[in-house]
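First chain written, first letter: the chains are A, B, C and D, and each begins at residue 1.
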């Protein structure tokens, strides 16, 4: 790798009990030198946006290193020269070199960006490109104003808590994932699901080493506050403000009338074990990516990560959140009148 | 009463197992002679609509008797002469004389119209006047076309099932309501609620003479399919198509994790008794009107009424219903993109 | 097949609007001659029960033909001689010859029995063998009394409504299932589910030929009243008494805050089409059996079947139902005191 | 007041972001000298327990001042002499003098004890007397062991967060409550409810000064984590572990399909204003006690209190909580088999 970095970027960490509203401010001690651009693959609109942003960065900040993933270099390397690439077997380079990251695409794109940083994550600014974006504070049309503020000014950061997940065989040995001796990091959620298995799974849950419950269900979600508006919401969970440090446990289609979602404190470790009574396996997913097929008595351990995602926000005090749950999720929409003036079809 | 009627109007009845989609057609053997107009009180817009409709009826159908409630005669009798009035102590006259009814107002207005007919109900056509109207298929602007079709042509009728409710003291004696020896009729629902009582009510429920459950709750709703989109919906109940003959039992804030709403068949009688363990009374409401304060061991009996409300519909096959749950209730609204073109505020 | 039947068994059919409480009574015009025994495979307890029941039937009703499925004949044919077998490619024989059926196992066993009868179903009596049984009114210990009543006396029948399901390609051609030119019959439910596909499915729903809604979700269930306590319940649906003729539509983990379950009348046909916007396929299951993988713009049509399952009941008036939802489902369990006398562990 | 106290008791306060698991330990620098006993009135069993505990305290800790409320002194003063009383118009004396408190009764009794301490609260140990007790870790039979540990040893304390609530007229003036110039403190919840008013309330909600939503509903609950298992649970809210610092907003029967409960961070102030469009008043309740009837445009402000309730726990690490949600609330009860051996009634 030909990347010239003069210093390690600051590491953003989070402890239990940290007050982590959107009050954090990003201010650079030295101007940022290296930016990672993560883009949704094979999408015309995103491709155009990528090309435009690279051109603009090159003209305004010619000294800035632009890093992309190998697949992006392949897709666009002929059109754009001088892109830096970090190879798959050298992922630590991401954490070591990137000063901040830009994502272009949908919510999935920022989830993917999160997956590139198994430890500390640099500030990330996310632009929406037309699709639903709960995690995307900025429309692409504003990219210049927004990037100037990120690079030169000071912007509010929302620290979005992540979860770490470790997978174990029934004898207690750790399962390596992608050859990595590292916990997986989730921005939204860790999910166990019966998948294509037609039968219910049985999952033994314990917290802090103590038996909590047996889930006989399609599956189970452990979600961050950020993930409360993702799968957990679909499964019936509450909406949790990103500043409420907690682990949200939501069952997926449980065979029980009384399995209400529960919020656990961030200092507890949740262990989910596929019961030996379960009729089939359970698929483990991290932010929607399948990572492992759990056999009987194998288990995952989930806990709060000390490495949050610092997301560049439009507003302070979490005002974006209020707007998002109202406008994007259509939370608490009231019933309104069908007959406005004249909108009724004649008989 | 000075009303000249030459024959009893047809009685619309409903039996258990009747197939009662919107397939019923209203066709007169003799033209209708007597119309009841029910209006929301003290509302400027409704008042204007009332005056306009009366003027129009008089010019188009001069032979038509126009009946109103005493309060309406008082409110508007000076402006409009020749209105017929049925007095409060002669309510049977409504069923005896009215050929069809018009309601002007909101959902509450048609509920009120229903309350005037303790037995068979004539066809009712309901016009919305600007407010939310789930039960109101017609906008006022269409009144002429609609009324001509009702009076001269043939229109689809949706038979909306009602409930009857009888109230009993702890010794089994019937409670008379308004001096009437008649069951109350509900178009939406019969509700028991703790009301201003700060403490939970305890209600013993039985169906068909057999113990069903004890509700420790704010209250309990027995609803018609029509009422499934009223209070029951707010309390978490499902949406029931008006053609599904059933009684919907929905708890209001129960002290239980497992009190799922339940649908009962129309041939069962539901008995709700205030338990002797209840710390307070329970308010009985019929379609939102308070009718009795239930003491310990007093009870109500609810069953399907044989007297449905024949509602004039815009469409056959219940197409209105599909439109209503989508447009009025905003059922299954999908999450949509916040960033349309240009709707994002610059930073 | 060596089965000697002198007459076709009576066909039990159901029409829309049929009043179908548990009021139906089974009475034979001629004594039943042929019984089908369906058993859960590879279960020690069921095997013993099967052997006992065959021995008893042979001694009490020596003229009775005992029919089993090929797999059962294989499993137990050496131990028991004289069992009649109906081969897989001659399934119509089931409907043609069986006078009544016995199931030994769990709820899955009666679902399996249902699948053997693509058209009219004979009366079925189901015995539970230790596992959860919502559809199983009888404990095995009572089998003699129960069978004597079925064969010689008169027993209440509960007609459990079924659904039919037909599958179509995007060009409208019917998909044959198992080479059968017959609709599939469901006693519980027809389900579309993303299965192992990590992405949400998009399903266009219409009823009676009219657009109803777009489900962006893990899946969608169309359930019978019987199935309301199966998958639909887990997904948040209401409990529906078996005598409420209706189709229950329940979403599985929808990306919407407002997708409340809905009950449709039995005369409507529900069409579920995999949208061309869906990112993946959808698995179609009938009573939990995977039957087809739906591609884009392929669809299923679900409607009420005219062939219900006549289930032998313990009680009339659906009393079993009240017991089942209370004892088996633990419906509306109240919160009770933790501290009985002395059950608190000392500190 | 004749109470002899040589020093102010330690004040337990809580800040936003405090890690407040059950890790706090109570250890006295000087032995406690003054105990408050709060008892449920007019209950035979509680009365006996009170007498027994007083007798025991007198013999074991003769120097201990025993304080009661005026009503208790009246009820039992003849039987027990030497009880200290704090009069209603001198409530600050409670905070000034009490070293620790004992409650005898149900959950309501500890809620009542909380209401006596408008500011800092001393450690409270709660004994259950036969009724449901989610907030009651100790059975009465263990009182001696438990009290010895509280007075002489060291016991785990669970700091249960409280809310403060201030009420304002439409012109912004504070409403005094009970003549007190003090915010109300809630251990469970602050509720607005339509009460005996038959019509829906309309409540404008804002958080941190920004519009959040309009609740058209029976009411609205702002609850502590402790209160998540009280009214909020009945209204459909999630279960929140007491160590998750947050404000839980749960609607009561909202006229909306999409009003999912939401968790807000502890640094936000929630303002609930009765809309001028509301058809009626709204009853404000604090922990179930009615405190004010809100008129149009009047409002309440709710925020996290700095004065938690230090509850003596049986176990560390919140193990009681796991037991309580399982045993008391019957969380996630699985469906079990009805037919045990022989429990089936013969036909």
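To be clear about the criterion, a residue touches a chain if its C-beta (ideal position, glycine included) is under 8 Å from a C-beta of that chain, and two chains touch if they have at least 3 such contacts.
What you are looking at is a predicted structure, and each value in this text was computed from that prediction instead of being measured.
Undergrad: Select, from B-C and B-D, the pair of chains that is joined by more C-beta pairs in contact.
TA: Answer by contact count: B-C.
Undergrad: Tell me which chain's centre, taken as the mean of its C-alpha atoms, is farthest from chain B.
TA: Looking at centroid distances, A is the chain farthest away.
Undergrad: State, to the nearest whole Å, the distance from the C-alpha centre of chain B to the C-alpha centre of chain D.
TA: 42
Undergrad: Where the CA atoms of chain A average out and where those of chain B average out, how many Å apart are those spots?
TA: Chain centres of chain A and chain B, defined by C-alpha means, are spaced 49 Å apart.
Undergrad: Rounded to a whole Å, what is the gap between the Cα centroids of chain B and chain C?
TA: 37
Undergrad: Can you pull out the residues of chain C that are in contact with at least two other chains?
TA: If we look for residues of chain C contacting two or more partner chains, we find 233, 254-258, 260, 329-331, 333, 335.
Undergrad: Should the pattern of chain-chain touching be classed as line, ring, star, complete or other?
TA: complete
Undergrad: Quick one: which bits of chain A touch chain B in the complex? Just the residue numbers, please.
TA: Residue list for chain A touching chain B: 128, 130-134, 136, 138-139, 141-142, 145-146, 149, 256-258, 260, 314, 323-324, 327-330, 333, 335-339, 342-344, 346-347.
Undergrad: Contact residues on chain C for chain A in the complex?
TA: Counting only chain C, the residues touching chain A are 195-196, 198-199, 217-218, 231, 233-236, 252-258, 283, 285, 288-290, 329-331, 333.
Undergrad: Tell me, which parts of chain C touch chain B in their complex?
TA: 16-19, 21, 207-208, 210-216, 225, 233, 237-241, 243-246, 248, 251, 254-265, 267-268, 317-319, 322, 325-326, 329-335
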